[in-house]
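The structures come next, written out as structure tokens.
The following pair of complexes shares a single chain, chain A, combined with chain B in the former and chain C in the latter.
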Partner chain A sequence: MTGSIYDLGYRRYDGPRLGRRHAVVALFRHSLRSVFGIGRSGRAKILPFICIGLPTLIAAILVAVRALAGRAGFENVQLVPGHDGIYPVIAVFPTLFVAAQAPELLGRDQRYRTLTLYFSRALHRPDYAIGKLLALSVGVGVILILPHLVTTIGTILLTADTVKGITKELGLLPAVVGSTVVIAVVTSAIALAVASLTSRRAYATAAIFGVLIIPDIVATVVIGLDLGGVSQWVVLFDIGALIDGANAWFFGVITTNQAAFGSGVPAGILTLAALVVGAAATGFLVVRYQRIAA
Partner chain B sequence: MIRAIAGVTFRALAGRRRTLLVTLLCSLPVLVALLVRASGRATDLDTVTATVVDRLVISTLVPLVALVFGTSALGSELDDGTAVYLLAKPIARWRIVVAKVVVAAGLAVIVTVPAAFASAALLGSGSTWLPHALGYAAGTAIAASLYVMVFLALSLVTSRALAIGLVYVLVWEGILAGLFAGTRTFSIRQYALGVAQAIGGPATTNGPERLEGMTAIALAVAVFAIALVIAIRRLQSFEVGEAD
Partner chain C sequence: MTAQPIEPGPDAPVVRVDALTKRFETVTALDDLTLELGRGIIGLVGANGAGKSTLIKILLGLLPATSGSVAVLGIDPAVHGTALRQYVGYMPEHNVMPPDISATELVAHLAQLSGLPSAAARERTSDVLRHVGLYEERYRPIGGYSTGMRQRAQLAQAIVHDPRLLLLDEPTNGLDPSGRDEMLDLIQRTGQEFGITVILASHLLGEIEQVCDFLVAIDAGKLLRADAMSAFTSETGILTVEVEHGRDALVAALTARGVRATAAPADGDARALQVALDGIEPYDLIRDAVAELELPLIRIENRRHTLEDLFR
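Let's turn to the complex of A and B:
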């Protein structure tokens, strides 16, 4: 009879175990939601939706300007930024987005010690890092792709010959997708690598902001001096110039970034450097989560 | 008691590693200025000065430093929940706000003003280098204390102060201020540049025309006072034990 007192009826879990893949997907989906503040309070949605809304609005305004200028008989409507020039115009929004959301993605789990719970599950440590990186990259990707979408719709509607318009836009598709993926992943990887270093949101945000913006100003001044020789290669430390160079390379245009332009370094090399920096940041993030105390 | 609060805030904000990082960051404009001078190749010193002092120091470093100090002076205690111990003490709330502002703004001024002064002095030429450097130093001091005050008030109004502060710095000051001249009346950076120009004499300007020196100071004082009042009001109505 003793059993009846102490037997609380605990049972083993014998349902399906969904395993590592499911854990990664679940982490990715949860992170993607929190990147946009979905499932959080209204206040948490303000910034993500500013970062999505304003670039889209800007793209719509540019299409409108092109339409009005065309109707008023201006010849050089090409001067209005299209697919190739939209990134430099909206570049501040991805920066803002990752500076605010990357610490949000990583900081909480460090501060509230939930990493322990994650790592005691099917999820491996690198899976966590990669899942977060994918989620933030998709978030940045959405910010970047929507203006392209608006531009595409606008261009097709502005072209009298619809078939010709669609063909033209399809021709730009590889460049649009390629530049979006590269910019999104590289920016996110850098932001997360920086954010993984501290669980304090204020410092992480400031550090990301600093890393993405300050090198560009310094490089612009140094390259402006035109010292010749190796000094031009300082542009390789300028993440803003690398990303802008990558954008220019995909569309086959001249970069608008002052430092990148002044350095005379070919866009192909800037793109390659952007990829190397992105890969290095990803590697750093994975190693950091391999070692982080949990 | 106020001394103790100030001391604790100081230690919380000026950790060893953090101070080192901020100092390194603020030595960057000075290093760039040194490089420019040493190379002797700058053809247009005014433009370089504008880039280094305005874009690097006043538009980037100052908001960055102020964002960290301003939002964490009181904000981090509110986040952690340790603010309760402070607020439960029989100290007038306005004194707490003032102590926090003084320490945070003081720190921000101490780290950024020397950078502005030194880089402007290094880049200056002839007899105008001193007023120029002093002007930029004064402008930086105003910008630093004003940013800290505004961000501190923001951290009491909303728990998303950091994000909103970033939006203000990047979108308002960064993009809109370059496009719409009217925004200069509501831009901390423009107050700083207005004061810098009033003291140091005109420099080449890229962007909207500068504010008059006195107007800039009056606006800066007004914004500071409004932010201070808002911060005090918010802290006075902050209920201990209120679930956030």
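Let's turn to the complex of A and C:
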């Protein structure tokens, strides 16, 4: 550079054009950044930070409690939640996270009709929906996996025989990964399906809370009444119970969700139902973006 | 899969449309349209609802045709839409820019969605924002932009990936006169300096006349005419003669001299007559006839076509 300020003139681009896959990955990466508030204002970072930080902190506290209780010789030390029980303890955070971030991910592009600019590029309409779903899922996945990671590190450090500790943790790896993936994708798919219906952020957030929480309250009451007959199957509409049931199924433990436990429906069926609901929500999201005006 | 990447054919016409028909449930938006367009700045005119936006969406591969064939840069948009759209820029009619992020962030992101690697996307983003005159403002949120700036940012996102073809849908919508001139100037530079073929859809004939060198006129989904701009505004071969009175006597006198003159002016003016300019030079004959009849002559004028004639 000679320091001149002359107009360089228009420069052609003769480099590579990387196509649809690159476009979807770029959309995913951009969405993932905005899910965590990266490249956004400081205010936009607060909630993601809380949703990631607190579950991790809770897991660390639980590890410490288990260590102290074990050292003090308490017999019920196994009751302190470990890998299998951490999700029910922190479930409120992924719920809060998707309720806040799903409308953020979809609402802006709908509200300002920016979708037009996306669809006139190297992606198909369903690619947009899938890219956003992957981004939110990874966001939820991070929230879920960090407490597991803390638990794993804590367990290995606290086990006298390190090799034994590592072996034990490795044995739990499939359950940790499986439950994290299923919970993350199902929760995200439901939240995005709901958020896709409105460009109004506040409505979308309220609706996501409603869908994720209200069925659990209703199902808990209905199952608590013990009406008999088919009434316990109402649990299949209780997304909270399905997700908790899936978590229990992966770890082979008994669900701690009241409705899921009270219904007596096997965890395997709850897991299957969670997958069906997740798939249905994904399908709905894709169809919605296939048809949305842009 | 080791498929060859789909790329624009070097010699393919920019747009080729053959017997294209698009029917929606109740209306026929495009009716048996056949068209071939080369490089340049091409105006696409037609009243609202004439089918301009439908044609643009089909060229982008966003709408399937009911029948007929379409090739853009030699690529079928219905089959290879995503590959094609890496080489096509589109600026929609309405403002679709989100207010809460900066032009740089949005345009660089969109460049990647058009297939550019991220480093190239960033580099070209700052390039095109400079070209559209938003270099100083590029890190400011778009919400703080004026309408003209927003529209120029919207043009920037359409050319950031150096498209071979740029589709503009009513790009001066909502702009004040100076913003409008700036936008038209930018469009002209894009077409001439940057060498990008532009299709400019507009219902404003004045704008089209100002910047385009080729014109496609459609009406109710049918092709009215496609030709070089000069052909639309050429002389008509008709001379308009206007006299204060005595028009019919003048027509008779001219006819007697062998001039094809008619007293049926298109604009319904009772004082005007039209003289065909085929072969003979009627100027002296008109002068003589007027002098002989001692008529007060108002004007003799060579009539030119205007774009408005198209839609008469």
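Assume the second predicted complex is superposed on the first by the 279 of 294 C-alpha atoms of A that agree within 3 Å, B and C clash if a C-alpha of one lies under 4 Å from a C-alpha of the other, contacts with A are read in each partner's own complex, and residues count from 1 in each chain.
Just so we're on the same page, a contact is a pair of C-beta atoms (placed from the backbone, for glycine too) under 8 Å apart; a residue touches a chain by one contact, two chains touch by 3 or more.
All figures in this text were calculated on a predicted structure; none of them were measured in a lab.
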item	value
Touching partner for A:L47 - first (chain B), second (chain C), both, neither	first
First (chain B), second (chain C), both or neither touched by A:R20	second
First (chain B), second (chain C), both or neither touched by A:T205	first
Which superposed partner A:A99 touches (first chain B, second chain C, both, neither)	first
Partner chain(s) touched by A:A259 [first = chain B, second = chain C, both, neither]	neither
First, second, both or neither for A:L146, with chain B first and chain C second	neither
First, second, both or neither for A:A248, with chain B first and chain C second	neither
Sites on chain A touched by chain C in the complex	8-13, 15-20, 22-23, 26-27, 30, 39, 108-109, 111-124
Residues of chain C defined as touching chain A within the complex	5, 60, 62, 81-83, 85-88, 90, 92, 94-100, 105, 109-110, 112-118, 120, 124, 127, 131, 157, 161-162, 193-195
Complex interface listing, chain A residues touching chain B	43-44, 46-47, 50, 54, 92, 95-96, 99-100, 200-203, 205-206, 209-210, 213-214, 217-218, 220-222, 224-227
Chain A-touching residues of chain B, taken from the complex the two chains share	18, 25, 28, 32, 35-36, 39, 41-42, 48, 51-52, 55-56, 60-61, 64-65, 67-68, 71-72, 75-76, 158-160, 162-164, 166-167, 170-171, 174-175
